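Look for subunit A in each of the two complexes below; its partner is subunit B in the first and subunit C in the second.
Presenting the complex of A and B:
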């Protein structure tokens, strides 16, 4: 049995705009229910939608950044269906002339770089939110979110594993943050994803295609990986139980249960819904002028893949390190600032991705928001690299104090007496004492056991409270032991 | 009783502005006239005399303080009840919106308030403006003031009857396939459908968004022009509203139409056109020729597709536009145990027969598998009709046609035959499909004394020329408004 996994992604990105897609209501998360509404976003009789230029521009910027082809003329269409959170009984969306067709997204996993093809990118309005009260069995609707601009990005089923699905979502979130069009926050729901998963199983010369399962209710990057992993396994097991009968259903929707880490049936045998798309008559088609295009193009900064490659070339970083640095553009900016302040790039990347990142995680913030001045970090790295302080001392003692006080690392080093001992006479005396007190180790070394030197080194380090410069100690010891 | 209800809007506004009469006196005359007539006609669904007086007093107060009260100072205007009025019920003559009170004014209502008009009341219509006789009102039908057994036409039948009978000098209607022009013709008054985009639709409850336009109904071309000038203009809240400004509609009546080319599309004069209508429109053609206009026959072969195209496009858009009436947020809600049952009960009880019929037709036309054959094809034919008209308008300036195939028909005569009812719009739908302006105006009477209307269609944004021709014809033909007979048992008021 040979299994090919096919995963496509549908991602909705809430654009960060002042006002909603078709009215002037504010876009804000967490306001009291139905406090950010007006006749337009409530769909009152007689109200009309007027497209938000900034939302169009942000969506166009995204389309260009993904390498989509924007049409000369774009238009809106109505997607008709009934649901209480949908005020007009239709959603204004885009059907056959979306803002972007084609395009790609580059993802990086431990295995390397992969280019995922995109099918389309379009602009639409968000719905309200149904709030079900299990106690009373009643539902209430909050329309604050109704009419918020959304960009929907649909990929081809090019993803082949849970790890790739996660990497795709991470890369997409990174991109929208680079473009500064969305907060990309999954908890607040301004980034939502629905992976669709199915398997092509080759078994005994037959090809079985399992139903395409769309998974809903995923609220974190970690959970997209969990959900997809579970779903792949579930489909394999289902095939093993039912055999070819699994193909009876073509598509279905399942929900993800984050507590159990499983998916459950939401709608079975979903009748192909007929949304009766037709051109939105309230909004004339919109010509995407050259001026508009260049305005959007000007908003596209250096994107993560290009930046990653530049970091690899200019700074000689490995692909994975470069990718991790570039995932958050603030972190990447910070890295560049540390390098600009005089630090060697490789140690800078290493420090940022390990020591500094650890402090950021502990304080539940990001590297860039940690408050550690890039020049200060560069100075600390320089102290370590030039051998003036032991790395351990820098990591354990100096860095935490710098974070608390913002002090200069060199001053901290001096005040705390952590500077490395490099005094020839002092170290020579300590080395002589080491040789005298460890006759066996000294004899072993002379007999050709290179490893024996570490015992002698350790003696000197202990004597100097770890401050001795190991390179100096090593050369003095070697000199002493070769003399006789 | 005061005879001020006989006056034109232009005259009333001038008198109020000149302090010859007060706005309150003007309103009072129309209130009395309405109290006397409305029960018979069913023209107004909502009419609150105290509210009318309050508005009139405010205008008088404004005048008293020396401020400019506006061009429609103290003029009562009837408002079709599918146009939103803040704080005043707007029902669309539907059970589903029976108690709906909009929290905002339509753009045209804001304009009327700024111009000092008195919002006199909400006029009856076919439910959601779907119909040609105002018999589809969920509340009561409207009757033709010239024969109470007959329809005033529709869907703006309430507005047309109210203006014709002198309940108000002006009224707003909406025209999706002829809903202003057809009732204007059957009631012997002037009705205009402006170019699509000329008047903001913000606050007009949508029937078919790509066809709907708000327009004036009045007893003279001059009055209609005054109302159109007041409501026209760009509105940022309607993305289809045009930024092209309306040239002030010439107030002087042209003595001659020399140089004007009038086209007579032969397809509008085929069989099915009543003889009396044919004769009256023929006479109108002579009148215009006597004004030195040149008249030539033109052909618009796609005209016959107007009705089929219209009855696919309009219901399709309507099926989507009316989806919002689901009982969730406003309007009627039929309680039920679960969501789908609530939708079904609310919409099942809330909508009338004709509305349901059109929702079904429209839903079908947009369905996957049928879209290309119906909605898609209809839009293509619509495009072809537009090009055909553009070509004809390279030869001629204005088109002259009958407004309706016959005079007002009897109530109930066509209610059981939707297709016969739909054919009432045969001459009017083209202007909506093409987005061009069109006016209907009285051009004579049948042997039974029923009004006959002609229609003039102009180029897109060609209202100026269209109104000039209308005014010239009106002046030369002397075919002006005639007051309806006073009902039996009442005293004919002294002239």
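Presenting the complex of A and C:
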């Protein structure tokens, strides 16, 4: 039995605009229910939608950044279905002339780089929110979110594992953050994903295609990986039980249960995919002029894959470190600022990805928002690299104090007396004591055992509370032991 | 294009409308007449310059600026049911909350 896993992704990204897609109501998360509504987004009779230019531009910017081909003319269509979160009885979306067709997204996993093909990118409006009250038999509806601009990005089923699915979502979120078109926050729901999973099973000369399962209710990057991993296993087991009978259903929707880590059957609307699309008669088609394209193109910055490669070339970083730095553009900016302030790139990357990142995690913030001035971090790294302070002291003592006080690392080092001891006379006295107190080690070294020196070094370091400059101590000891 | 009662029943289901078989039959008849009437538009001869007229040049869009909408009380006023904050609707299970 040979199993090929096919995963495609549908991702919805809320665009960050002041006003909604087709009306001037404010877009804001967490406002009192039904306080950001008007006749247009409530679908009241006689109201007319007018597209938000900024939303169009942000969506076009995304289309260009993904390498999609935008059409000369784009238009909106009505997607008809009845559900209480959709006040008009249809969603204004795009059907046959989306803002982007084709395009790609580059992902990085342990296995390396992979280019995932995109099918399309289109613009549509978000729905309201239903809140189900247990017991009362009623649902409460809040239309604040109704009409928020959304971009939907659909990939080809090019993803072959849970890890790749996660990497895809991470790469997509990074890209929209680089483009500054969305917060890309999954907890607040401004980035939502629905993976489609199925298997092509070759068994006994026959090819069996399991039903395409769309998974809903995924609210974090980690959970997309868990959900897909569970679903692949479930489909294999279902095939082992039912055999070819699994193909009776063509597609289905399942929900993800984050507590149990499983997917469950969701009740289906009958004829769910009969949306009766037709052109939105209230909105004339929109010409994507050369001026619009260049305005959108000008908003596309250096993108993560290009930046990652530049970090690898210019700063000699490994692919993994470069990728992690570039996943958050603020972190990548911060890294460049530390390097610009005079730090060597490799130690800068290392400090940011380990020590600084650890403090950021502990304080539940990001590296860039930690409040650690890039010049200060560069100064600390320089103190360590030039041997003026032990790395351990810099990590354990100086860095936490810098974060609390914003003080200059050199001043902290002096105040706390953490500077490496380089005083020739003082170190010489300690070294002489070391030789006197470790006669065996001294004799061993003189007899040619290089390793014996470490016992003597250890003695001096203990005597100086670890502050002695090891290079100076070593040369003094070598000098002392070569005498006589 | 003939409109069959089956088509009417299917669209009625999509639209969450209840109807008897007799109503479906009679609606199929009515819709057939309406569609045939509209079909007469197909007889109009159009030249290449008549296509969609100024429709494509309209390019209607607006700047991204907010304006206040309805007061909540006004928004909820005409709803069949509301609790002062939310619209209330019968519970629907067919599609889970996202």
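Everything below uses one rule, namely that the second predicted complex is superposed on the first by the 459 of 484 C-alpha atoms of A that agree within 3 Å, B and C clash if a C-alpha of one lies under 4 Å from a C-alpha of the other, contacts with A are read in each partner's own complex, and residues count from 1 in each chain.
Assume a residue touches a chain if its C-beta (ideal position, glycine included) is under 8 Å from a C-beta of that chain, and two chains touch if they have at least 3 such contacts.
Just so you know, these numbers come straight off a predicted model, no measurement behind them.
Superimposing the complexes on subunit A yields a three-chain arrangement in which subunit B and subunit C clash.
In the superposed model, A:90 lies in contact with subunit B only, and not with subunit C. Once the two complexes are laid over each other on the shared chain, residue contacts for A:281 go to subunit B alone; subunit C is not touched. Applying the stated contact rule after C-alpha superposition, one finds that A:17 touches subunit C and leaves subunit B untouched.
In the superposition on chain A, A:161 makes contact with neither subunit B nor subunit C.
Looking at the shared chain after the overlay, A:51 reaches both subunit B and subunit C. Once chain A of one complex is fitted onto chain A of the other, the partner contacts of A:266 are limited to subunit C, with no touch recorded for subunit B. Judged by the touch definition given at the top, the superposed model places A:141 against both subunit B and subunit C. Residue contacts after overlaying the shared chain place A:438 against neither subunit B nor subunit C.
Comparing subunit B with subunit C, more residues of subunit A are touched by C. Residue contacts after overlaying the shared chain place A:350 against neither subunit B nor subunit C.
Residues 39, 42, 50-51, 80, 82, 84, 89, 141, 274, 276, 283-284 of subunit A lie at the contact with subunit B in one complex and at the contact with subunit C in the other.
Considering their complex, residues 17-19, 23-26, 32-39, 41-42, 50-56, 73, 80-84, 89, 129-133, 136-143, 189, 192, 216-217, 255, 266-271, 274, 276, 283-287 of subunit A touch subunit C.
Those residues of subunit C whose C-beta lies close enough to touch subunit A in the complex are 10-11, 13-16, 55-67, 69-70, 72, 75-76, 81, 83, 85-98.
The touching residues of subunit A, counted against subunit B in their complex, run 39, 42-51, 78, 80, 82, 84, 87-90, 141, 274, 276-278, 281-284. Within the complex, the subunit B residues that touch subunit A are 83-84, 90, 92, 97, 100, 102-104, 106, 201-206, 208-210, 236-240, 316-317, 319-320, 322-326, 328-330, 339, 343, 363, 366-368, 371, 375.
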